[in-house]
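Both complexes shown next keep subunit A, but they swap its partner, so subunit B is in the first and subunit C is in the second.
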Partner chain A sequence: MFFAVLSGFIVACIVPLIFKLNRKVAGALLSILPLSLFIYYLQFIPNVLAGEKILTTFYWIPFLKINLNFLIDGLNLTFALIISGIGFVVYLYASAYLEKSEKIVPFYIYISIFMASMLGVVTCDNTLALFVFWELTSISSFLLIGFNHEQERSRYAALQSLLVTAGGGLALLAGVIMLGQITGTYEISQMSAFHSTIVSNVLYPSILVLFLIGTFTKSAQFPFHFWLPNAMEAPTPVSAYLHSATMVKAGVFLMIKFLPILGGTDLWMWLLGGFGGWTMLMASTMALKQTDLKRLLAYSTVSVLGTLTMLIGLGGEKAISAMIIYLFAHSLYKGALFLTAGIIDHETGTRDIRNISGLRKYLPVTTVIGVLAALSGMGIIPFIGFIGKEMLYEATLLSGEYSTLFITITVISAINIFAVMAYSGILPFFGEYKSPAEHVSEAPFQMTSGPIALALLGLVFGLFAGSTVDGLTNKALQSIFPSASHHLALFHGFNLPLLLSALTIAVGLLFVFKRNSLVEFIEKIRIPEFFFPSKWYDYAFNGTLSFAEIQTKFLQNGHLRYYIFTILALFILLVGGSFFGFNTSESILNAFAISIERSLAGIDIYDISMLITVLIASVFALISQGRLSAIASMGIVGALISLIYIIYGAPDLAMTQLSIETLSVILFVLVLYKLPRFFTYSKLKTRIRDLVIALAFGSIFTIIIIFVSAYGKFDSGLSEYFAQTSYLIGHGKNIVNVILVDFRGFDTMGEITVLAIAAVGVYSLLRLRKQGGEQ
Partner chain B sequence: MRSIILRTMTMYLLPLLLIFSVFLLFRGHNHPGGGFVGGLVASAAYSLYLLGFGIDKVRSIFRIQPIKVLAFGLFLAASSTVFPIFFGKPLMTGVWYEHKLPIVGSLGTPTVFDTGVYFTVLGVTLNIIFTLFEDKE
Partner chain C sequence: MEFVLAIIVGILATSAFYLMLRRSLVKVILGMVFLGNAVNLTIFSVARVTKGYAAFIPENASTLEGVYADPLPQALILTAIVIGFGTQAFAIALFRKAFQKVGDDDLDKMNSTDIMCNEDIPGDK
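Now for the complex of A and B:
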């Protein structure tokens, strides 16, 4: 299972290569990846239906309990199938949609990374590893939303989504770590055993809130919903895949997963039910007035996510079973509708529903897709969307004390969604022909085949629900409530949900035919801008920027000498200040005596001559009039220091020091040409100030060294351990090197990464200056 | 700056220094040396050549962009740390090939890691030096 997740990352690495080999078939070739993953996950169905749970373990950092444990149960498998299945459709679709775009290569790289991370999110059992995948989906989403990065709006939307979702991810991490501290485990499958311990803990409310910030940001719940409509700047296949079918459902997924761990309390019910219900109602109403096809769909997605969140909040077997079916149906029809919108955009050049109608003559296949998908979304019999809606009504009616409130907002939202589905999937194709493009022709096979499959599946799964999706969704339900089960059927007899469905359709039809007056009515509702969460985002964002600007002007004024000044002054204050804590003068003198005594015992002619040379060279560096001579004398200091290393038995250090010295002299010489001559000498006042700081810094260091050499006890435990195990475990006789590349390899990894970032920084700074020609 | 002596010397010094840098890299495991210092020596070799012959000539013998060398090194080091996971061991555990190889000595993920460090250091240094030099001209 780990390899299934990993395959996406590996393919992402070789995408450019595939496109270099054959550009024409590359897209189709890459579609094999999601297809084979889909088949791979399909083969688990018999095992899962038999009630098995398949767990595989790979050690990552076992010491910190971070392991790559992958679990396949009913729920995880359902999600993995949705991700890989719709992934296949989207891969194929994009090969035609982006055929002419130069950025098709990065597109496939990002989307492969996304798919891999998303599969990681839904199959990983270790919460810390899950967090890593979770943030990876945010990052790949950021890259995909900013796909058209030459446009200001794309960049704004991309950054917004990253800050909101990745920021939420950090809250999730905090919550997960607190959970781990309480339960002693990071495995989701083991945490539910601690349910009563967790909910009775004092930290429970804060854990829940942190956890929900993570999931709400990802699943675009109020007040974090605003990033999702803006994310529509991404190419349509991305919107279909990430921002409706899969990524935004990650939050919902995690909430179901954690229902047995954190759920079952009043707080859970009110937070999820309240925010979910409000998001559902608000987003579906805002969707009505949208004119852009994709924004229509985006708001309706937010609304559906709200419905799902509300259902999880209500809890109970009925609600969860309704949620699973509703989510499944939504992934199918919303994916298809987004792809339909993409075809319309691709063929007519517009997504504004006011400018298009009657396209059925020229886009016959797309019409079928749009209508089928929209009917499922509207909840018309016999589509799976109908079953989902019936179950939703039934579960809401059973929600207890406040069921009247919940059923009212649910029905209103369903009516709104009914109208929105018609606006986006049906109206563009009927009526009088209208289109800004002169010539409209049907999209190629790659673009229509996937969506039509999704749309038809919505019908098939509806008609034959009992024999198709019933089994797997039952198992998904049972991974939350082990003893629960449901039986899907199209017709449940004449009951209240059916009546409400009829009501929904009747009022919905009215909304469809009276769109103009409806929009007029909604436009009249004026809410002050201050109440929009998106404004809060802007305030916070701009506020942070201006604060950063002020403190940068103060601390980083562009003069290296002031940076050094600040650093040294702070060091003197903090370290020097700490000396006042104990009986200083006496102990310093004492330490001085001890260390002089010790040094004199072992001193010889080499030490003295080197010492004198270093002193002469550094003094010369200070008083020399030219830069070149100053650099050369600094080089001498460096070379002598490496000589000291050699004498005291640290050849590795000496070699590195010597090479660094050589290179820095070369670098200095290169930069030297760029610098102006010494025109202005510093004033006496600044010189005295610098002298004071330099002397203070030097003496503090001397004192520290004297203290260490006089009183410091050298703990030889580590070095003995390294000396003993270096050859046995590390297979090397050079302890220094074995420490660097093996025992402390993680540090080295960090160091070379920092080096690389610094090099890229230097590169881009110098390049920028070259192009800009300023300063 | 284009001194005849420097040019003649670097002609011979460049290959020698490069061989020396690889020698240092593989020697590092049992004796003083290693990827870091090896990378530094290699970049010093190219820098010397640069001083003697100028940027265009160096570009013609070092055709890959240094930033790609850097990326390769980082990738090599990072992937060597992931490798042990496939053997059911935690991240960054050393996995060793049983037999000794000529030149390289004993081969294991730390050796690959060190090679990654070598290329990263080479890439970083040359990237900075090349950019500075181009900026100058």
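Now for the complex of A and C:
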């Protein structure tokens, strides 16, 4: 199972090689991957039907509880079959659809990565590993939407989908980690045991909201739905695969998976039922006025995702069983319809439904696919879409005290979807012939065979529901409600759902024939732009960019002294602030008192004179206008410091300091003696400000040293050790020297290396000067 | 004693940062030298400070007992002084080069990666 998921990633690596070997058959050859995965997953059916759950464990990062555990149960298997099955159709289709495109190689790389990640999402049992796959699907979706990256719209749509879905993924991660903290496990299959602990925890509402942000963004629920219609910039096979049949269902999948873990509360029901219901109604209405075939389908997909979310929100056994059938039917017919739209686009060069009609003469096979798929989507007997819709009505009617509300919006949405299906799958093929292309001919076999299989399966599964999909969907239902079962049948008798179906068809037909006046009516509804979530996205996006620009201009202003200024100001604020923040001003005074008292005891006249000389020399260095006098003052300060080292028992330091100081002064003078006097660049105000900052910083230094000297010395115990052993081990009586050349010899070697590098740098800079001079 | 050292460190640190906040590159380099000295003295003064007791083992003894200056910070500072000199030397050479190209030691004229044309270089100041 691990290898099944991994295979997509491996194949992605060798795609370029395959295309290099033989470009013509490469696409067909690659289709073997999803086909063999499909067959691989098919062979689990007998086990799953027998009620088995197959779990494979692979320890990845065990101490963080991140493991690649893959689980096959009814639900996971259903999804895995949809992914690999439709994957096969799409792989085959794309080999002809993108035949002439140069970018066919990256296409197959991305889509293989996607398929592997998607299989990971639906079979992985560990939530943390699942998150990795989840984000990988977002990334591959980003790459596929931005497939035509030379177009700005594609790049915009790709970035939008990435920011929305990957951002949602982060919320999901947070939710999952909180869940893991509460339950102590990251395995989905073990979490449902903690259901009552989780829902009674104070963190439950935040976990649920974070979790739902993740799933809503992925499954394009309001207010995150806007990325999906924009994602139609992707090539049609991608739209069919990622943005209708599989990836957008990942959110829905996770919500059913987590129904036994997070569900069963009022909050769950209202969040999912409310947002799902609203998304369903809104998107289906928006779909009616679309004229682009793919956007039409995209909005209807959003609507269906809303329906699925709403059903999960209602949460009963009936609702879940309706959801599984509805989802299954949708994957079949919507995949086929998208691929039909792709054929129309490919052959006529347009996707605008106003410019095409009567294509049946030239696209006979495509017509059959379109009509069959659309009929299933419209919920016409005997297609599987009909069963799905009947179950949807039945479940909604049983949803308790608000069932009237839910059934009303469901029926309205179903009528809208009915019309949209007719617009996209039937109308382009009938009526008078109209097409912008001069010559329209049927698509090749690779492009028609897959969709026709999907469309026919919709019919077969409808006619023989009881003997085909019944078994597996029952097991899928039982992975949520272990004791539940349903019995699929085409005809449930004369009941309220059937009546509502008749109503749907009647009003739907009206919508189909009166499209123009309907669109006119919808166009009249004007909503201010501010209320569109897509605008919120733009505001947030542009706001972030301008904020980044402002703060970059402020912080990264290109002036060294302002960087130093910022660092100093922050240091003064944090360190200086901590002196006063914790009521330590008293202890500062105390430290001063202790320190002064102690110092007075041992103070000499030369201490005072040194202090005064340092002060004078420093001030002179600051205010001097001549470079040489500034350098001389610096030299005086250096010499005084070496004097300090002598007085306080550090003769080695004194020697080094003195020689280094002499060298520096010589170097400075050699380089600088020709230069003009200092020029005063800054205003008095600036200089005062700088002086205040520098003074504050210097005072903090002083205070820290006084603090340390008054309250405690730094003593590592190492000095003691060196004093005891430097002669016995290091055979030297000057302890500082022994430390440098013996105990910490490697440090000294590093120091020498630094000096050597600096010398090389200086030398090359000087050489460079000569060459520059020659030019 | 530490009190005097603390004040000296304060003076040096103040001078260092005042100089580093200037626009003239020479002053910035001077500031670096001051800062190096200030930090070295800081390390020196937060350890055990004694007057006159260098960390030498007496002629006829094999270990050092009693009062003596802390040898460890001294070893650290010694390294720091030498490395500080290395950076200084490099900074000075770099300054020399930059001055040749830009003709000025004003940092504000150096914050672009493009070398200015000769006409743009202001004359003596």
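The rule we apply is simple: the second predicted complex is superposed on the first by the 556 of 775 C-alpha atoms of A that agree within 3 Å, B and C clash if a C-alpha of one lies under 4 Å from a C-alpha of the other, contacts with A are read in each partner's own complex, and residues count from 1 in each chain.
The criterion applied here is as follows: a residue touches a chain if its C-beta (ideal position, glycine included) is under 8 Å from a C-beta of that chain, and two chains touch if they have at least 3 such contacts.
Fair warning: this is a prediction, and the values are worked out from it, not measured in the lab.
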| item | value |
| --- | --- |
| Greater subunit A contact set [subunit C / subunit B] | C |
| Touched partner set for A:His731, first subunit B, second subunit C, both or neither | first |
| Touched partner set for A:Tyr156, first subunit B, second subunit C, both or neither | neither |
| Contacts of A:Asp742 with subunit B and subunit C, given as first, second, both or neither | first |
| First, second, both or neither for A:Leu68, with subunit B first and subunit C second | first |
| Contacts of A:Thr753 with subunit B and subunit C, given as first, second, both or neither | first |
| Contacts of A:Phe722 with subunit B and subunit C, given as first, second, both or neither | second |
| First, second, both or neither for A:Thr702, with subunit B first and subunit C second | second |
| Which superposed partner A:Phe668 touches (first subunit B, second subunit C, both, neither) | second |
| Which of subunit B and subunit C A:Phe58 touches, first, second, both or neither | first |
| Common interface positions of subunit A, toward subunit B and toward subunit C | 651-652, 656, 660, 663, 667, 671, 733-734, 736, 740, 748, 755, 758-759, 762, 766, 769 |
| Touching residues (chain side subunit A, partner subunit C) in the complex | 558-561, 564-565, 568, 595-596, 598-599, 602-603, 607-608, 610-611, 614-615, 618-619, 621-622, 627, 630-631, 634, 637-638, 641, 644-645, 647-653, 656-657, 660, 663-664, 667-668, 671-672, 675-676, 678-679, 681-682, 690-691, 693-695, 697-699, 701-706, 708-709, 713-716, 718-719, 722-728, 733-736, 739-740, 744, 747-748, 751, 754-755, 757-759, 761-762, 765-766, 768-769, 772 |
| Sites on subunit B touched by subunit A in the complex | 24, 28-37, 40-41, 43-44, 47-48, 51, 67, 70-71, 73-74, 77-78, 81, 85-86, 88-92, 94, 96, 106, 108, 110-111, 113-114, 116-117, 120-121, 123-125, 127-129, 131-133, 135-136 |
| Subunit A contact footprint on subunit C (complex, rising order) | 1-24, 26-28, 30, 33-34, 37-38, 40-42, 44-59, 61-65, 68-72, 74-75, 77-79, 81-90, 92-97, 99-101, 105-108, 111-112, 124-125 |
| Contact footprint of subunit B on subunit A as seen in their complex | 2, 58-63, 68, 651-652, 655-656, 659-660, 662-663, 666-667, 669-671, 673-674, 729-734, 736-738, 740-742, 745-746, 748-749, 752-753, 755-756, 758-760, 762-763, 766-767, 769-770 |
